[in-house]
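After this come two complexes, each holding subunit A, first together with subunit B and then together with subunit C.
Take a look at the complex of A and B:
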């Protein structure tokens, strides 16, 4: 189960997300389902096509399957998707 | 981190992630098949890194040679020949063969048991 305590270990593909804050102000407000994930970027499907967003300069809001909203800093997510499970975090 | 066996909580998360990826691949296949091939490769990477087997439900749903997602009657065909299940990938023409002799033996055993119980009750 995806909960607010293990989102950064878990799968991001398929979640609904929204960009809240970013270094590039044109990216703020993009929302949609996540369809792909690379080491440094996340791609989101919107009405106007697929948008690619850098992780390390933006803050996301994620909607979990149990109806909970979670705010997450993109800097924590910078890693290959399969390596995120074994990465050690200082503060939960 | 050391190589080899991982702690249990990591393996649990890895299994859940593989399940999510394969069900997403099945959902996306009819609209955009490239995406579902990408999800299969992501799931395979997780299974290699954490020494976990791919869930039995999904083990036959990708090609063992070109690692593409298989959907029966759209890009693969299934036949029964000589006591084996033949699953053919239509992209690379590879045929996976899986024997089903254990299921046949179980069926035979159940049949014999049924008759022996019937005989005992008559006596």
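Take a look at the complex of A and C:
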């Protein structure tokens, strides 16, 4: 089950997301369900079609199935989803 | 400008009150009292009373409200002890400072994201205690290096000149690698407190220019405090609950 504690290890496809900050101002505000994920990009299905967002320049808000919102820096997600599970992160 | 002093030695209730009032008179706005882990639990009980009493006294002052926080200062002997103590006290307090003075401990602190400040890395060492490797690690893990003004005040002759040389070396590294550097008074009595302008005058002589000095007493401490306030909601660096 996806929770805020394991979201950065988890598969992101299907989650509702919103770009809240980005080096590219035109990406800010794009929201919708994530329909695909690659090593460096995320595809979001919006009302105007599918948008491809680069991960390493953006900050996302993700809505988890339990109703929790999580802010996540795209730099952490830069990896293939199947490789992300092996990665080690420092605890705060 | 708001001036932050992140290292004032905590003592008894009355002594702390005198220290804070005197520091506030001299121009400081935020005070972080550091206690040993044993005395911290006693001190945290009277924190709110102390804050209320001080605010009552300075209520007529037109300057900003004071900030008051209590923290823990750790003196580990080696790296293993450092990891144990930081794990133990991280959830109990908002601010952890580690006393340096050993190359192994200095390295351990710079690599540890759970520590906020490496205090006095030059203590009892022939060198300044920081090198290019530690500087890079400190930037990565956002560990601030602390220069304690009380070391200059309380030393004399060649010891003082050596400490000043260490300060100059650390400032040189700070300019190159941009790790967070903070300057504190380290005062344990009212006679050891100096105003920010006095400290600025000394550090100008040590090649720290005005804007860099402002960063050391305002911007870097402010960022550390903001980061620590959000630490509860953070899961790892870059992921937080909203």
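The rule is simple: the second predicted complex is superposed on the first by the 90 of 92 C-alpha atoms of A that agree within 3 Å, B and C clash if a C-alpha of one lies under 4 Å from a C-alpha of the other, contacts with A are read in each partner's own complex, and residues count from 1 in each chain.
Quick note on the criterion: a contact is a pair of C-beta atoms (placed from the backbone, for glycine too) under 8 Å apart; a residue touches a chain by one contact, two chains touch by 3 or more.
For clarity, every value in this text was computed on a predicted model and none was experimentally measured.
On the superposed subunit A, the positions of subunit B and subunit C stay apart, so the two partners fit side by side. Once chain A of one complex is fitted onto chain A of the other, the partner contacts of A:14 are limited to subunit B, with no touch recorded for subunit C.
Once chain A of one complex is fitted onto chain A of the other, the partner contacts of A:70 are limited to subunit C, with no touch recorded for subunit B.
Of the two partner chains placed by the overlay, only subunit C lies in contact with A:90; subunit B stays clear of it. After overlaying the two complexes on the shared chain, residue contacts for A:40 are found with neither subunit B nor subunit C. Within the superposed three-chain model, A:51 lies out of touch with both subunit B and subunit C [touch as defined at top]. Seen from the C-alpha centre of subunit A, the directions to the centres of subunit B and subunit C diverge by 130°, a value given as a multiple of 10 for the model superposed on chain A. Contacts of A:5 after superposition: subunit C is touched, whereas subunit B is not reached. Closest C-alpha contact of subunit B with subunit C, superposed model: 17 Å. The contact surfaces that subunit B and subunit C form on subunit A in the two complexes do not overlap at any residue. Note for the complex: subunit A touches subunit B at residues 1, 6, 9-11, 13-14, 35-36, 81-83, 85-86. In the complex of the two chains, the subunit B residues touching subunit A come out as 1, 6, 10, 13-14, 16-17, 20-21, 24, 35, 38-39, 42, 45-46, 49-50. Contact residues on subunit A toward subunit C in their complex (touch as defined above): 4-5, 7-8, 61, 68-73, 75-76, 89-92.
Chain contact summary for the complex, subunit C toward subunit A: residues 113-114, 141, 231, 234-242.
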